[in-house]
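Submitted below is the structure of interest, expressed as structure tokens.
Residue numbering begins at 1 within each chain, and the chains themselves are lettered A, B, C, D, E and F in the order written.
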Amino acid sequence: MRFDGRKAEELRPVKISRGYIKNAEGSVFIEMGDTKVICTATVEEKVPPFLKGSSQGWITAEYAMLPRATQVRTIRESAKGRITGRTHEIQRLIGRSLRSVVDLSKMGERTIYIDCDVIQADGGTRTTSITGSFIALVDALTKLKKDHKWKELPILDWLAATSVGKVNGELLLDLCYQEDSQAEVDMNVVMTGSGKFVEIQGTAESEPFSREEMAQMLKLAEKGIGQLVRTQRKILLSDLCLSDS
Amino acid sequence: MRFDGRKAEELRPVKISRGYIKNAEGSVFIEMGDTKVICTATVEEKVPPFLKGSSQGWITAEYAMLPRATQVRTIRESAKGRITGRTHEIQRLIGRSLRSVVDLSKMGERTIYIDCDVIQADGGTRTTSITGSFIALVDALTKLKKDHKWKELPILDWLAATSVGKVNGELLLDLCYQEDSQAEVDMNVVMTGSGKFVEIQGTAESEPFSREEMAQMLKLAEKGIGQLVRTQRKILLSDLCLSDS
Amino acid sequence: MRFDGRKAEELRPVKISRGYIKNAEGSVFIEMGDTKVICTATVEEKVPPFLKGSSQGWITAEYAMLPRATQVRTIRESAKGRITGRTHEIQRLIGRSLRSVVDLSKMGERTIYIDCDVIQADGGTRTTSITGSFIALVDALTKLKKDHKWKELPILDWLAATSVGKVNGELLLDLCYQEDSQAEVDMNVVMTGSGKFVEIQGTAESEPFSREEMAQMLKLAEKGIGQLVRTQRKILLSDLCLSDS
Amino acid sequence: MRFDGRKAEELRPVKISRGYIKNAEGSVFIEMGDTKVICTATVEEKVPPFLKGSSQGWITAEYAMLPRATQVRTIRESAKGRITGRTHEIQRLIGRSLRSVVDLSKMGERTIYIDCDVIQADGGTRTTSITGSFIALVDALTKLKKDHKWKELPILDWLAATSVGKVNGELLLDLCYQEDSQAEVDMNVVMTGSGKFVEIQGTAESEPFSREEMAQMLKLAEKGIGQLVRTQRKILLSDLCLSDS
Amino acid sequence: MRFDGRKAEELRPVKISRGYIKNAEGSVFIEMGDTKVICTATVEEKVPPFLKGSSQGWITAEYAMLPRATQVRTIRESAKGRITGRTHEIQRLIGRSLRSVVDLSKMGERTIYIDCDVIQADGGTRTTSITGSFIALVDALTKLKKDHKWKELPILDWLAATSVGKVNGELLLDLCYQEDSQAEVDMNVVMTGSGKFVEIQGTAESEPFSREEMAQMLKLAEKGIGQLVRTQRKILLSDLCLSDS
Amino acid sequence: MRFDGRKAEELRPVKISRGYIKNAEGSVFIEMGDTKVICTATVEEKVPPFLKGSSQGWITAEYAMLPRATQVRTIRESAKGRITGRTHEIQRLIGRSLRSVVDLSKMGERTIYIDCDVIQADGGTRTTSITGSFIALVDALTKLKKDHKWKELPILDWLAATSVGKVNGELLLDLCYQEDSQAEVDMNVVMTGSGKFVEIQGTAESEPFSREEMAQMLKLAEKGIGQLVRTQRKILLSDLCLSDS
């Protein structure tokens, strides 16, 4: 039994509210237990310089935390005048993950900005951001589909993410902050709805791990992500027809 | 009749939710129509260098907007590497206003950080931040009062703020974004519960205004702020005993 | 009697020297008692991006202090690598005030940069900058008028500014540094020659103020600004024909 | 056959020169084919604030590339005034990896700075940096051991790193730049001499990968890292006694 | 005959006004023709970290130009967020030069900040800054002498500077901007009252120069600096007793 | 006898390796005793804005040191977020010196970037950078000559640099770090192969110097630079035909 009563392979309760910010083309308020993130998707009708004239689109992400999302107040990155290494890593991860399930060549020369702002942080903010952003992204693309009379959404697969880790020798799914801060191994996994890997980032925080443990952690992640994708489907499928195989 | 159906001297609907962020000493989610702000108050047991050894406390404020709070996405100040002039002005205004109704000499050598993060912007974000922050501040001070067994809260008066302006020749209370963007005169007013002025910032956006108009705008502001303070009282007075004269 | 011998409603001696910097299109050395500011106006034949193609002009201002303008040396903003919030506020105020009395649509697509550099600071540097900059601006526009054979100057009204405040319970005009640093209320007022308000920024430094006091302070400001505009007229009217009603 | 003549599971030629920079406590010039990196280890007799008084040591890393290490000249990060996200990610990875094989509690309160400067870049600069830095680190610790008469080196295991990837459908070990730039999947693996994982960072650049492919790539990495550790052993074991099991 | 009527070996008219800024410990307004600089000297009762506990003093300099000192307005370094290479060079030169004629070991552990702000620029701003700063520095040291009852000023020699150059094949003393901008060789020379060199910075702007030309330029500089020191003496010697050999 | 066994007028051993970095148009690894610098020359087919349309080329230089090039590790300028004054001075010096011996009007509208990265520092890094960069520059220009079938190299003369100084009263050539750090006078001299001066930067570190000493130092520099140019000739003349008079 975990300190919040969950079993080792149990996710925290998930809640996704769509249309949270009135002006954004797509927006979601996602809660994984006490971790709460606002994800918005903004469409801009231009692409970064390296794609000009390529007739291809782009997806990029930014991530931040409100100063008091954390137990101790953190200094704003705007006040520091620079973005930390951790933020850089996370926003690159979110952007890369989302791009892997979108057919950029069918988006036209436009950029979708994903903004993930953590309102409250209790572990797993980057994976929660990915799971939530996918919905905001689909909503923005659906809007583009309507505006531009695309025949289909340029979405190749579903996408969700979770963390797994080894805490006090036990392998656990979806770590909350207290577990994360004492984990021996910490792994973030991003997968598609069809069960393929998009990103695996495993780190031995205090002791290296074996190939065996690696395999078990991937299984745990697979289970959790499967459940998250089912939640995403329920929310989206009422008004959206993604290939559901 | 205004474009959203309000009368000239009518506030937008106000909604204040306390205890919005679990870790903060005080936190509020305030909505003035479509303007939505998270205000938190964080206690830190030290003061800025210029107050060391003064046995006096300090209150300071920071303000930011999520990138998609606005109709068109705004670039993050952390990405720009600097805080804009507008943000500087607003956070100085919020801090100064709150300090004016607190007896800093009775707070002990500690700082309260007020963070105002605009989730959705529809005009009046700075005045909404002040009205909401006052509640978050009172909650943080109430917690300090309990922890340190102070006899009373070091709060001297209630505090709220609103905007007034002249739009198409008519004087209006509590401008929304659409009104604000076409106003000839724009004025932000911060007042105490006892009806005194803390800040008046009036700007002729396109044409200078007369002393007469000035007087009328102050009256409008007074009316709106009176109503906001009554809302604050309802929310706070159940568990709090501020002098209610 | 004030500590420098002035009466409550008395300005400090004003002195304005035109043509102070040989290369600038307009330049003024203005002294209000011991406060001394160099104001220059520079014409540049382009406008900011948001005005391109609008056939409208722009006026913008920058403000700085020499390190030893103040009693204690202040660190240069170039050395800090950033402009302080106070500087931002002041340069926005100066620009906005000057724009309010110019018909930008008659300037052509060009920008006038106002630079206010405080050589010596003894209170009222922002209001002195506005009063002095107005003359530098008129000189630059007069030069443009000659070069482009405009029929008239695109100036709508005269413009000057002063501070008023409450010091030890007494309302005073044109605060010097010593008065300013102990003021209970501090108010900066910008007015036109025809007696209308362009900006009012009133701040309760230590105690909120009543509507009565507000009205009295505005009267004081009106008196001082009237006198400043008369000084401006004397200096300009020899070689310039502004509408003098 | 790969375009440089290697087999799929073949490393590029490795060359490690110790004592390359005369002043550094440890320094190495490492070449993996055309990728060339200078790694230095510097001992400083203090720790970051969060470790003060902990009687524990720290290891941190910085990484940079000379402007012309790359095919097209890259702008210096000092000229840009900030470190890119990519650099942040890499230096965090190097530091974390090295810390995982050192018993920090036996180092005393001191910091070892690892500097990895890429002289010439042809793919795999981050993994080459880790493999080279481990030797520089051991040399610096060996010097500390002599100076402080430690009984043993606080090194827990050997450490090396390599990249693996999927290029045109084929799984390859130790990608050079040309391969890396067209890889479908790119994975960096850091392992210990005893065959445990320290870091796994797998990214689907263009298409998600299966669990099967994942397992095969880890095997390839294991093979390459085994060979790198044997090279490290040869170089170090003449003057060093690491546990060689 | 030069374009402003001077002979090749003739300085521009020099004018030095002392006590220009009321608060500074030393301050000078120096004019060399149309080049005008405000130099202030500020005493601060602490030294940089590398001198703490050395019982030695320090002198450091900062240099800046008002935006419209130049023919075309230059962007403020505070707005750019960084100091240019040119400014860095100049302020290092001024500080180094002044330190060379002061016995720092007799100043006590305090720093004198020299601020040189160019109000109007017409060539030779760095050398004019040195000549003017020397007077401001002496005034600040004289004040310290009085306050601390030193027996003598810790000044070792007089100090002044000028530029020389080769323009259209002719060697000229004290170049104004028009000459400087077309010079083949440009040399700044700093010398003591006793005729020794403190700094020589000679640059072939468009063609290398011979040893012969070098010698002649130094002679010109010597002549000009001799005259500047005589001017300094006249100004200072009324109230100051420097060794006058 | 100097502490490293050299005579007063003796250079340290020089070693220049060409073609050190495979991708650069020109690249050199130069060693002057223990001072070691990588110099690369990169051709870019555009010029800075001020030269656009001038049909003239440009040469610019950047300079940096690896953190552990020095005895004590220096903080990276990228980590500080800004380039120091010393670096600015040096890169301006290198660029200016190289431009003085190139006929920019015959290079076409392109820029050559010179990058000097100090791998190990033992005094004279800026002069060593100039001597080495000249070779890298010639190699890049030779490549351009071939590619564009120029009739001749746009090189006007040879170029090398050295330092001279006064240490414990004795005049020395080519100071190493230990000598440099105790020098009374420090002078950097850049000269052409035909014996003309390009730059002279003499600084009295602790005591002003006479015209006599100046002349003797220039003679020493002339001797050393003559020898360096002979070394450059040997390296280049096999495959290059510079005018050899």
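Going forward, contacts are C-beta pairs under 8 Å (C-beta built on N, C-alpha and C of every residue); 3 or more make two chains touch, one makes a residue touch a chain.
Remember, it's a predicted structure, so these values are computed and weren't measured experimentally.
Going by the touch criterion stated earlier, list every chain that contacts chain C and also contacts chain E.
For chain C paired with chain E, there are no chains in contact with each.
In terms of residue-numbered contact pairs, which of E-F, C-E or D-F coincides with A-D for over half of them?
Comparing each option in E-F, C-E or D-F with A-D, the repeat is E-F.
CA centre of chain B versus CA centre of chain C: separation in Å?
Centre-to-centre distance between chain B and chain C: 29 Å.
So the centre of each chain is just the mean of its C-alpha atoms; given that, what is the distance between chain D and chain E in Å?
Centres of chain D and chain E (C-alpha means) sit 52 Å apart.
Send over the residues of chain D in touch with two or more other chains.
Within chain D, residues 81-83 contact more than one other chain.
In which sequence are the chains arranged about the ring, given a start at chain E and a first step to chain F?
E, F, D, A, B, C
Of all residues in chain D, which touch chain A in the complex?
Chain D reaches chain A through residues 82-86, 88-89, 91-92, 96, 100-101, 157, 191-192, 194, 196-204, 206-211, 214-215, 218.
Spell out the residues on chain D that touch chain F in their complex, using ranges where they run on.
21-24, 27, 34, 38, 40, 42, 44, 62, 64, 66-71, 73, 76-83, 87, 113, 115, 117, 119-120
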